[in-house]
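All chains are identified by letter, namely A, B, C and D, in their written order; residue positions are counted from 1 within each chain.
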Amino acid sequence: MATGDFVDPPHRLRVRYCETDRMGVAHHGSYVAWFEEARTEWLRRRGKTYRQMEDEGALLQVVDFAASYKRPIDYDDEILIFTRVQERTKVAVTLEYRVERADTGGLAATGSTRLACVSRDGRLQRLPPEI
Amino acid sequence: MATGDFVDPPHRLRVRYCETDRMGVAHHGSYVAWFEEARTEWLRRRGKTYRQMEDEGALLQVVDFAASYKRPIDYDDEILIFTRVQERTKVAVTLEYRVERADTGGLAATGSTRLACVSRDGRLQRLPPEI
Amino acid sequence: MATGDFVDPPHRLRVRYCETDRMGVAHHGSYVAWFEEARTEWLRRRGKTYRQMEDEGALLQVVDFAASYKRPIDYDDEILIFTRVQERTKVAVTLEYRVERADTGGLAATGSTRLACVSRDGRLQRLPPEI
Amino acid sequence: MATGDFVDPPHRLRVRYCETDRMGVAHHGSYVAWFEEARTEWLRRRGKTYRQMEDEGALLQVVDFAASYKRPIDYDDEILIFTRVQERTKVAVTLEYRVERADTGGLAATGSTRLACVSRDGRLQRLPPEI
């Protein structure tokens, strides 16, 4: 999975101080929030915000989460998060992420989340057409 | 505010790894979660859990939060959190916290939260009798 | 404390999904990270990043934290965080924050942090000239 | 992977309020902290705390993280986290987790983390004998 495989422009953010830990670099759990933020922006670009989706009763529940950490990143580092669809069914979509340092382009991490579309009462339902 | 001023037994917890930051000690934001956890246990002891309160439509919204940090605490340190009422009105209660190291009893931090009781639609309402 | 009292342009960010809680709005602890991020940008504008300061051995330890919550903000809301100096001594600085909704300009919260400048071994030292 | 495959007693904890999100249940990122806390206790039972390991220069860096979410859990729910070794090499260990509701024993999630043992300067080194 190289950068060229990602059609959408990446989401850019800076590592927060509170996202580091006593090892002196970003905590591995911080990537959960970053993937989520990248996903929010990826969805916005498809014409419907995730907030609208939820308000309309289409919840995207995280069913599987995976991340592989390649190289540590530190507080105040700028990163780029590339997002794309890896697989799609009627009721679920798997998104793939690639995290790069903004300065060197060096690979920091890769990851994926499988999201199932459910109603407020937890029943599986079709993904919105925007996805 | 000395330990003797607190009637209830303290809540005990251990600092999580993810609660530290690159300064090598617990991040000042971690105390928000600790006060909240101590508050949950303090309420449970009064005979009604906060979860029940929310389910019955009595939400305790944090209106003011304050903390003073006296001495850093580190990953895996055990701490005690003492909780008591500082002030109470018909619709709001201010809780006070004192954080001590479990090993030495040394003071780590103090803090307070003012909580207003509101309904699901945000209207002020009377505090439940348990508080 | 009105917006006009803040000389620096505000820091803009969007509320993350993980920053909300079961009350359906941003958790009161999320503001800790937002004030911190605003502070990082406020310092960058003064000519030295906080990361540089730490690398040079000047740590800004949070000694006091306070926040007052005026109106809830929700996932995906855009907010503006204004930052300014409230008080300064040789070794400590108190920063003041004002959080507004980006769309309406409505006040969401105010807050402050007192930061003491310490060395790696915890001794108080003079604030860097940039502050 | 059934409960019987886990030799060690599970780690028990309660879901914190701040660990929920606007979907009304625990956020998928909260499991990162829970696996970490379970790991800390699993290591303590082996005779050396992870804090000691870090102090002695043996850091366990998370290289891979995975979680599968089976059934939502909510604020104040009590959960049990079972931990065991899935695979071990000279320099890395993969731990497996199983999260159950404490009341019903129902499966909430499974997960794993691969941890590489590195020195302060990031070089791979042998795992401590306790692992």
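In the analysis below, a residue touches a chain if its C-beta (ideal position, glycine included) is under 8 Å from a C-beta of that chain, and two chains touch if they have at least 3 such contacts.
Keep in mind that what you see is a predicted model, and the values were worked out from it rather than measured.
Novice: Supply the minimal count of touching-chain steps required to go from chain B to chain D.
Specialist: 1
Novice: Let me check something: if the centre of a chain is the mean of its CA atoms, which chain is farthest from chain A?
Specialist: B
Novice: Looking at A-D and A-B, which one has the bigger number of contacting C-beta pairs?
Specialist: A-D
Novice: What's the distance between the Cα centroids of chain A and chain B, rounded to whole Å?
Specialist: Whole-Å distance between the two chain centres: 33.
Novice: Need the CA-centroid distance for the pair chain A / chain D, whole Å please.
Specialist: 22
Novice: Hey, what residues on chain D touch two or more of the other chains?
Specialist: Residues 17-18, 22, 29, 32-33, 36, 74-75 of chain D each touch two or more of the other chains.
Novice: Quick check on the complex: what are the chain B residues that touch chain D?
Specialist: 14, 16-18, 32-33, 36-37, 40, 49-51, 74-76
Novice: Taking the touch rule as given, give the residues of chain A at its contact with chain D in the complex, in rising order.
Specialist: Touching chain D: residues 22-23, 28-29, 32-33, 36, 54, 59, 61-69, 72, 122 of chain A.
Novice: Which stretch or stretches of chain D touch chain C in the complex?
Specialist: Answer in residue numbers: 17-18, 20-22, 24-25, 27, 29, 74-75.
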